[in-house]
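Accompanying notes for the structure given below.
Per-chain residue numbering starts at 1, and chain names A, B, C, D, E and F are given in the order in which the chains are listed.
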Amino acid sequence: MTTRLDNRKVDELRKIKIELGVSKNAEGSCYLEWGKNIVIATVNGPKPVFPRHLADPQKAVVDYKYRMACFSVSERKSPVPGKRDKEISLVSGNALESAIMVEQFPNTLIDVNVLILSADAGTRVAALTAASLAAADAGLPMRGMISAVAAGRANEQLVLDLTKDEEDTADAVDMACAFLMPQKEIVLLQMDGFVKKEDCSKILENALIGAEKIYDIQKKALLEKYPLEGEIQL
Amino acid sequence: MSNDTLKIINAEKAKTYIAQKKREDGRDFLDHRPIDVKVNVINSADGSAWVKIGNTEIIAGIKFGISTPYPDSPNQGSMVFNLEVTNIASPDVETGPPSIEAMEFGRIADRVIRSAEFMDFDKLCVVPGEKVLTVFVDCYAINADGNLIDAAQFAALSAILNCKMPKLDENNNIIYKEYTDQLLPVNKKNLPLSFTFYKVDGQLLLDATDGEEYAANARFTLGICNDVVVAYHKGGDSGTFTIDEINTMMDIASSKYNEIKKKLL
Amino acid sequence: MTTRLDNRKVDELRKIKIELGVSKNAEGSCYLEWGKNIVIATVNGPKPVFPRHLADPQKAVVDYKYRMACFSVSERKSPVPGKRDKEISLVSGNALESAIMVEQFPNTLIDVNVLILSADAGTRVAALTAASLAAADAGLPMRGMISAVAAGRANEQLVLDLTKDEEDTADAVDMACAFLMPQKEIVLLQMDGFVKKEDCSKILENALIGAEKIYDIQKKALLEKYPLEGEIQL
Amino acid sequence: MSNDTLKIINAEKAKTYIAQKKREDGRDFLDHRPIDVKVNVINSADGSAWVKIGNTEIIAGIKFGISTPYPDSPNQGSMVFNLEVTNIASPDVETGPPSIEAMEFGRIADRVIRSAEFMDFDKLCVVPGEKVLTVFVDCYAINADGNLIDAAQFAALSAILNCKMPKLDENNNIIYKEYTDQLLPVNKKNLPLSFTFYKVDGQLLLDATDGEEYAANARFTLGICNDVVVAYHKGGDSGTFTIDEINTMMDIASSKYNEIKKKLL
Amino acid sequence: MTTRLDNRKVDELRKIKIELGVSKNAEGSCYLEWGKNIVIATVNGPKPVFPRHLADPQKAVVDYKYRMACFSVSERKSPVPGKRDKEISLVSGNALESAIMVEQFPNTLIDVNVLILSADAGTRVAALTAASLAAADAGLPMRGMISAVAAGRANEQLVLDLTKDEEDTADAVDMACAFLMPQKEIVLLQMDGFVKKEDCSKILENALIGAEKIYDIQKKALLEKYPLEGEIQL
Amino acid sequence: MSNDTLKIINAEKAKTYIAQKKREDGRDFLDHRPIDVKVNVINSADGSAWVKIGNTEIIAGIKFGISTPYPDSPNQGSMVFNLEVTNIASPDVETGPPSIEAMEFGRIADRVIRSAEFMDFDKLCVVPGEKVLTVFVDCYAINADGNLIDAAQFAALSAILNCKMPKLDENNNIIYKEYTDQLLPVNKKNLPLSFTFYKVDGQLLLDATDGEEYAANARFTLGICNDVVVAYHKGGDSGTFTIDEINTMMDIASSKYNEIKKKLL
């Protein structure tokens, strides 16, 4: 097994640090360090929807806002959300919605905010992982956790959880995956690259292995803050 | 009858058919509707294509422009892709700025085209570091009845494949409507094709109609070059897929690749 | 009589091709080729107006949207509608409204969309001609047709239906005219130039002659699709 | 009493007078209200004019700027025209971005000024192909009581006619508030004037008040230079004109041309 | 006492000319020349608020719009209101609100428009002075006048009512002050500079002296137009 | 319970305490809550600080950019300051474009930092007249519980004070994440600090909480360098101050200057 740029094993995650309930004003919140990524997520709601015609009589609407701080990337990003931010917000909101029992709260809104403070590849999966924890921290009834991770290829080997440096290698491919756990259902999947079918399947398998690790870390974080409930719910 | 009511009825109809293992138009779940491609249909465009997939119609048109290259790729031209889904395509589309869904559709179609190093951006360089060609690909939905991502991708691809390079004057400015006999530099071997599936009540559908899309709760788009995957994009509401389903869709798309490729080349 | 750049006679229209009902989703639609102009028009409605305070209790509101495809002109146009598009939409909507019995549908909206796919002078009159046909195709009750055409001056002679090449001649003047037919009432009239009063009157007369030809073409197209109704209504 | 109710009452009043072949202020149908023009009223502007037509008041101010010429006219300066009709002009105007009507009014006034090769853009060239003067003409409606198109056009024209050319420094930048003794290069022979008519119950009215405009269902603006027509613009709702009416308005405007010209020169 | 650039005394105001009721359409209006500043202010209301959720059940909302004409400054200003315009509008609206008995008109809107036609330093205080007169001209019940003036430092001396030329001197400091008069309460106060505490207090005292002069001028203008009421109200 | 109701209750609670000459958290009226400053917390930023004042948390991050200098200061770099107060900081903040209040807060904090010639813009010049450094200071409210102006100003200041100058390559472009051993050129003697007071029922409060701010009807911010005033900004609704109150706040801020300065240096 060859060595990765940061000496991790091919199936090794970067260091992850989670703190729940960091935000005093939010009903649920999560601070997440994932390698050099830093993410804060807050969840509020369910609450009334304005304007009313945006409400859904069948379920709560999840308004997921993914934003990158201007200083989170190498060259300063404009503070105005771009197409990428809007697209990630849309698909991530759908992914998170599949984990929340939104049908219990018709005609309401669940506000989800994720701010990327520092970015080093994999921010959308880090954001979803944090947002899912913040939703649980907010006490929302959930049918599982969203455990998200990127898998891919770098320097001629299939690897888990790529860094920005790995993404910049010549043959790099990055597949952002989010699973509803423990059900192992895919709720987000995005990749652009050039990958043989067999490798594509293998990367997806790797992602699931990674997601299972993430799920364990998430459960541990929740059990620390909510010893009893955690045991039952997860 | 309001448009929303109509949509719900059409979605219910689609579900009823699917429960009976059928589709309203008699197709198999994994078949396309008839695909019709006409190229060079727009005189004012440098390249163009009018693609019909069933009742869905999209026109793609190409315009060249001269621009300054990005600092990190001084010798490469660029492509700007744009998909417009306005009120003209369907009375359901609201007047106003583009919807987030139309934007997402455009971004997915864009990425599939961009993938697989299909377009040779190095050959769009005019003066290294100073002037490069930008290829503007603008797609307009003329009638929207589902599968807009694939239709836009097919239309853009057809327009690109049939577009000649512009002549430049002594100052390296484009001479409008004059062309060299070179085609836009693309790698036809790596022709990337988009295959979008929708999932309705557990059933995977290829080339869904508007009613089927409204009935679905998950969408998945694959960009495919033969037996190579060039893009994966899960979208469309909070439905989920299993790993097996992803692999199945990959195999289906790969098996249909040559059939579609023939229609576009 | 001197020859025109494209060898037409001074009062000769370019070739016009009309197809009705081309758009499956629209209640009425029209595809129009007029020389090198290509136009698609759709009409939907009457339908409810949102937000409600935009409704008119006396009549239907005609929301006419004129747009040019980015690739319809020599240099790529921005996809964002500009002042010109908005102004043309406003005056064309007023023109079309004079032909529709809007007073029969108070508090409703009639949506009109026109997309210019290819442009070679005279797009606003081509658009109105097509939109009027689409309105009839949609079955809206009408007090007449809008028959629109440009007339003007090019190469020292007064001509009908100028091309872009003619518009680029030194002394060119282009007058966009739309008539309610068969009443011969002017519903749109726009010109910028430098034209002696007598010539101005003459150009307007020429435009009416052109509009009569357009009107005949429109009637023919409608009679082809609606053999019986056409005979009675027009 | 809401503004809308007030407008409807004023419109009804206008119609009642017209039915009796009169106007509320005693004018003939084809007469202007008193026109008052003051020039150079704004110290900070390079040229300015305050025009009153009855209760309608518009201030036009000019500023010069240095810009890069358009590629297709490398030796020509340019003019940017802007009309602002805000809440200050009338409580009826809603707060927010400019209305589509105000935009249309501005574009028509702009076109009339631009017509007839009145302004000599060649003489605004500073360094051919590199630097040209841009003339910014900004009009503000101070009180709106009808006929804003003509009032804006008159104000802009007066400001232009009384504006001196700016001095430039050695780098060809504008020295603010210093002028040569040259006036802005215009062709006074081709002075284009705007005449806007409204049609109320079949009657043509020149210089309509706000109430009369609200009662009307058609508007027509002519740009006139003596016996030459420089612009035609039909607007204002779905009312119609006959060819005879157009020709009549053309003759009336032409006959009034010299009377108005005298007030502005 | 050294001389100022325009030969005024240190505590001398520029020439002020006021005309009330200049705008035919407005319920209250004021034209103000203050040195080379020219300002027009109009006031309308109270009137209904749309959309309704912006209404305040306790009082009238004062919507103060400060705008600069494009030609009011040395280099042409964009017609789009910028951050500076919005900020001045906000703080000036609050200042004016303290003078109007807004509690008498719950759920309504008072529209205040100020257009700077010519600018030569001190436009925000000139605007407030004019707007306060326009509010009185509109017959709104008031607990006093807003009398506003700038005071500061230029050429090593503390001066009242700086011109643009004075603001451009090396040590210039400009403090925009608005007082509710005759109560002498501060309703707007803005300064950026580098001023010793003692001087800061002195400048503020100077501003009050200036505001008293402005207040006298305002009273005179109102008494001229409203001989009887003026005597009683002020 | 709606957020508005909660705000009213919190404001009433604040008023009740103040009527009893107390604050809910036991502080004196002119005391700050505990202030906690952590610097260089964000790896991707060129400089950063995380400031907590009680429950209020703001993160400031710095990025350098290369830009063209303004024509009137060809040898000076520039600073762009931005404060974002979004939904993440408080559920009360509405989704959408920045509120006018957030914009005002940012502008005041910006002005205090800019004052007193604290930053030496001459030393940010790279090539006179052509290339200068721009210092982007972006502040994000992470949790909003009052006193955002001062918290943003403190955070920005801390980030600036701990930020090293970037290395440039031979073309004078920034090499990302490489720094010289020089700090950002500032004049520490002129360190300007922001002190914001709110007035509730006649009582001046320093470092107000969200509930206290909602109860107040006037706000006053001072920028202070020791015994020098660098900024005055009255804001916050229609409440008023007397000259004596302004002088009192000036003296209080001046007396607290060194205590706060120590926390940031």
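Rule of thumb we're sticking to: a contact is a pair of C-beta atoms (placed from the backbone, for glycine too) under 8 Å apart; a residue touches a chain by one contact, two chains touch by 3 or more.
Just so it is clear, the structure is predicted and the values come from calculations on it, not from any experiment.
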item	value
For chain D and chain F, chains touching each	E
Relative to chain A, chain with the most remote C-alpha centre	D
Where chain A and chain C are represented by their mean Cα positions, the distance between them in whole Å	52
Chain D-chain E separation of Cα centroids, rounded to whole Å	31
Distance between the centres, which are taken as Cα means, of chain D and chain C, whole angstrom	28
Shared-contact residues (touching 2 or more other chains) in chain D	none
Overall pattern in which the protein chains touch one another (line/ring/star/complete/other)	ring
Order of the ring members, counted from chain E so that chain F is second	E, F, A, B, C, D
Chain C-facing residues of chain B, complex	2-3, 42-46, 48, 55, 59, 61-65, 82, 84, 86-91, 95, 136, 138, 140, 142-145, 176-177
Residues of chain A that touch chain B when the two form their complex	83, 86-87, 90-91, 94-95, 97-98, 102, 175, 180, 183-197, 200-201, 204-205, 208
Chain B-facing residues of chain C, complex	23-27, 36, 38, 40, 42, 44, 47-48, 63, 65, 67, 69-76, 79, 111, 113-115, 117-120
Parts of chain F lying in touch with chain E, wherever the complex brings them together	100-101, 103-104, 107, 111, 114-117, 190, 220, 223, 225, 227-243, 245-247, 250-251, 254
